[in-house]
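Multiple structures follow.
Shared between the two complexes below is chain A, which pairs with chain B and chain C, respectively.
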Partner chain A sequence: MVKVIVRRLVELAVALFLITSATFFLLAAIPGDALSAQTDNLPEAARQRVYAQSGLNKPVLERYATTMTSMLHGNFGESIADPGMTMSKVVHEKLPVSLRLGLQQVLLGIPLGLFFGILAAIYKNTWIDHTVTVLSLLLMSVPSLVLGLLLQSYFGGKLGWFPILGWPEGSQLWFGGWALTILPTVAGALTHVATYARLLKNSMLDILGSDYVQTARAKGVPEYRVVTHHIVRNAAIPVITRLPMTVAFSITGSVFIESIFVIPGIGQYFVQALNNRDVPIVMGETVMLAALYIGSLFLTDLLYMAVDPRIKLYDRKEG
Partner chain B sequence: MAEEIIRIRDLHVTFTETSGHVYAVRGVDLTLNHGETLAIVGESGSGKSVTTKALLGLLPTNARVTAETLSYQGQELQQLRRRDYDQLRGRELALIFQDPLSALNPTMRIGKQLGEVLVVHEHLKKAALQARVAAALTSVGLGDAPELARKYPHELSGGQRQRVVIAMALIAHPQVLVADEPTTALDVTLQAQVLALIKAQKTQQDLSILFITHDLGVVANIADRVAIMYAGQIVECGTAEEIFYHPQHPYTWALLEAVPDDSRADETLFSLPGTPPDLHQEPVGDAFAPRNPYALGIDFREAPPRTQLTATHWVRSWLLDPQAPAYEPPAAIQARWHEYAKMKEAAHD
Partner chain C sequence: MALPDFAFVTPEQRRAQAAATQVAAPPSIGFWKTAGRKLVHDRMALLWLAVLALIVVLAVVGPWLSGQNANQIHVDLRNAASSSAHWFGTDRLGRDLFTRVCLGIRISLLVALLATAIGTVIGTIYGMLMAFFGGLVDELLLRVLTIFNSLPSLLLTMIIMAVLGSGVGTMLFALAITSWSYAARQARGLVLQLRHKDYVTAALMLDTPLWKLMVRHFVPNMASILILDIGQSIPANIFAEASLSFLGLGIQAPQTSLGILIADGQDQMLQHPLELYIPIAFLVLIVLAFNIFGDSLRDALDPRYQAQGGRS
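Right after this comes the complex of A and B.
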């Protein structure tokens, strides 16, 4: 087990190095930088002074070396475009917003998806199955951005049931202010409903036709117990192992939803930082997102071992 | 006459598929008597598995089952409610599947899979449950039962798995064991062991067995009576002796000639040309006629009637019709007839 964690950590370090380097040079390759908007109209001497202060006048490789070294020391630096903003502030102010949005989407979307998946599998080739299949295909094909806009215009605009923009703040950051969170949560959750309904239905159908389900029936196991003990249990393997990735994606991947609903989360701030060529924030967020993904991959491995006895990724004796 | 335990009369099973209907079983009559082993022999697709699945109520929903009688110990099964069928399966009628790996749930421990039968039927718990599971595993020759019960199917060898499957079928002491090609997926040495095990369990537990196979060689070892199936019908049925030494149907002849035999080791093994008919249409006349070198003109027009030869032996073939022309079976079959005559004489003396 220790060996596994060490191996994953080494992988994480290598991946982070490659990802941050690529991000840095890509940013450097785009015309303009964090200061161009503010300094374009300044006299040349003043412009030089501002650049010298921020260090942006140095050659690319030197800036790369400085950035990487300070990141190694855990210092991501202060935002250039948004003075006073640091990564620790991002983690404290922006991350909770995205965490709540992501978790709400997952908690709403996955159970619903699983429910419809089971229904569709049990009532295969009936109107229930057909409805679930068509709807999930539709929901999977429409980006959550479009869903968000549709929800906004209908439930927010036309019916006026929910506010269109914003997110609970202050004491309601974690709990409360539900009306504001409903539309963005639903917009993101619908994709999960569709994905998980399809996933569980397909894996259940595989298992429904398998010999060991017949064996269970031949043993006289009642049908509900066949479903709970033999079918769902085995069909859940691909579902469970996919959960960490979905959670990670939900937290980090709501960029569009955060943008159209003006939710001050890490996704929206990331896009803003990118537009501003705000190197410290972009680099800091990149590290954070990458770490989340890689962490969820590790969790996936662990879950695989826990739920499927046939899989031994690592020698158990080491654990 | 022994007590009838299973009675099947005029069983028809038709599957509805997107490509149309498949007439898988077309009028099967079967009787299983208490304490005997009846082998159902036929090629793949002859309907032998479908027949037993119909008996156990395990056919998918696109199968239509009709029968004049389909009964277990006098109890008609066709109108049985699902819950009552569940009560019967595993406790009274048990089934062993062909492939011992896919027949076991890959994510459930062996002990739990065996124990489930008792949990469902006898509501046993903990210690009592464990003791019965261990006893069942020991009775099929698996040592160190507690250790084995904690393992998963993929951690066992093929032979161990088949023993586990047999133990699981017999753990609730059923009356009838349906063995659906239990030796087909095993190599020859294991086949012999598993057959011996089934025979031993039969005497110990006073079982009646329906043994399905495509291999007559295996049948000789285990069966009291044999039913030969072709294209969804039983074409010949008799005691093992009658089928092996006094066979009357050309299809039975072909099957017998296809069994490897030491005394004819230097000859090329006989193989029946052609394939079984496509059952998307109900065959006209005798379904075997196109592959049958002994086929008569009438075989292609009209299905042969059932001819009863002895109390136990009957055949569906026009060859036994009084108006049929004279014919001569293959030499190897004539030799068998000859031996049969000698056996009968010896029995008279």
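Right after this comes the complex of A and C.
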């Protein structure tokens, strides 16, 4: 058990190291860097001074070594394209925005999805089940990008009920300014509603016919208790193990929603940094986003082992 | 018709007996035939297959049908409404929207199909090899696979696109690199089950070359599962292409794709919402068609569902 966990941790650390290095070399390999647009018209001497200041004039491997060591010490350096911006500022100013957006999506979407999933499983083959099934298939076929655009153009544009762009700032960063957050939250949450409704329904249907459910009914256990204690508890396993990935995706995967609604979160800033070839910020955000993703992968594995001891990770003796 | 033992059996009686047995046990039908029959009787599947076929036809012959050039700018005809010359109207530069939508569907479908094909072929070969050789090879290749599986795919795709520059080729590379690991995992699991079957041993004893073993024995026996994976992978790649192009990290003008059309539509959303809704409608239709047809395929191809004789 401990051995499995340690091995998994090593694998994930290698993955994190690989993506960081790959990002660095990919960014180094392309012609043009963060400074070339600003310095192309400067005289040669001045240009070299600017480059020496940012360290961009050194050989690639040396820059790689300095970048990696300073990143190990938590120092990602200052943005080149956006002076004064550092990763700690990104964490303080941009991350809360994405965190709030992601959490609101999860808190709205998952409970609703679970509710509809239970309804569809209990009233199997009735109109309730059919409506939930069709709607969730439809919602899963519409990417959150498209949902966001549709909500934005209809409720924001045509009906004018909500602001089209923006995000609460300052003292309202964590609480308040709800009108601005409703459309982006709903756009991301609808996908969760569909996914979780389908997940819980299918998992409940597998359990509905099992012996211990029949036994419980035969003993005279009230129906609501059969549902809550016998069915939902056991059907919750796939839901629980999926939670960490959903949360991670809601925070990192909101790139599209952030760019539709012009929300100043980490996703939008990452795209901006990518387009500017802003190496320090791209590297910093890559490490942050990859660590978040890889951390939740690890959490998922641990949860699998915790909820169902029968599952052995990486059982190599399959065949 | 039961015949007494040792009775004299006339040829007619024998034939009748054979016919009776035939009725009792209908001739056995192969796996693919059963699947085909189930699909033909699935009206929903046929309907959505027809929708898909129609969209493909539109993508192929659409630009020729309308007789308009997708990049022809009509300065006096900006954001025009639908007319006999411009069936879907024109965009903010006065370009014919119908032709552009057709071309966009063409590129989006092409990218999704090719990326899926590349990812599936590479992944399947990788997975088959690791399961076939086993031992140290398997161990090593599995390490690589696990690490690739742990990479955040959206992040990786975005970085590759930003670095190598936008375009169809880069897009294919970026999508294939993030999608092969799933196919590899599937193929490995399947070949591990097939490897010790008698016919594989027989083929090995006959000195069958490895490529022939793969093509003749492994792939046909895992085809149904591969088809299902492909069916899921295509809509995912369509999403990915549209989303990246929307962010400006995918296909770039003058080429067009559904993602670019949607991004263009967002600019005109308030005054001319149709320019946004039309490409969105096609994107959703395509993905919905793939999803619904994929569900029906699963019912037809998955042995567990086939035996039950219906969807759960």
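Assume the second predicted complex is superposed on the first by the 274 of 319 C-alpha atoms of A that agree within 3 Å, B and C clash if a C-alpha of one lies under 4 Å from a C-alpha of the other, contacts with A are read in each partner's own complex, and residues count from 1 in each chain.
Methods note: contacts are C-beta pairs under 8 Å (C-beta built on N, C-alpha and C of every residue); 3 or more make two chains touch, one makes a residue touch a chain.
Source: prediction; values computed, not measured.
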item: Simultaneous placement of chain C and chain B on chain A, clash or fit; value: fit
item: Touched partner set for A:Thr215, first chain B, second chain C, both or neither; value: first
item: Partner chain(s) touched by A:Val239 [first = chain B, second = chain C, both, neither]; value: neither
item: Which of chain B and chain C A:Ala15 touches, first, second, both or neither; value: second
item: Which of chain B and chain C A:Leu151 touches, first, second, both or neither; value: neither
item: Touching partner for A:Leu274 - first (chain B), second (chain C), both, neither; value: second
item: Chain A-centred angle between chain C and chain B, computed on Cα centres after superposition, in steps of 10 °; value: 70
item: Partner chain in contact with A:Val282 - chain B first, chain C second, else both or neither; value: second
item: Touch count on chain A, higher of chain B and chain C; value: C
item: First (chain B), second (chain C), both or neither touched by A:Leu108; value: neither
item: Chain B versus chain C - smallest C-alpha distance in the overlay, whole Å; value: 8
item: In the complex, chain B residues that touch chain A; value: 56, 58, 82-83, 86-91, 94-95, 97, 99, 102-108, 116-117, 120-121, 152, 154, 165, 168
item: Residues of chain A touching chain C in the complex; value: 11-12, 14-15, 18-19, 22-23, 26-27, 29-30, 137-138, 140-143, 145-146, 149-150, 152-153, 157-158, 202, 205, 252-253, 255-256, 259-260, 270-271, 274-275, 277, 282, 286, 289-290, 293-294, 297, 314, 316, 318-319
item: Chain C to chain A touching residues, read off their complex; value: 131, 138-139, 142-143, 146-147, 150-152, 154-156, 158-160, 162-164, 189, 192-193, 195-196, 235, 239, 242-243, 246-249, 262, 265-266, 269-270, 273, 276, 280, 283-284, 287-288, 291-292, 295, 312
item: Residues on chain A engaged by chain B in the complex (per definition of touch); value: 210-212, 214-223, 225, 229-230, 233-234, 237, 307-310
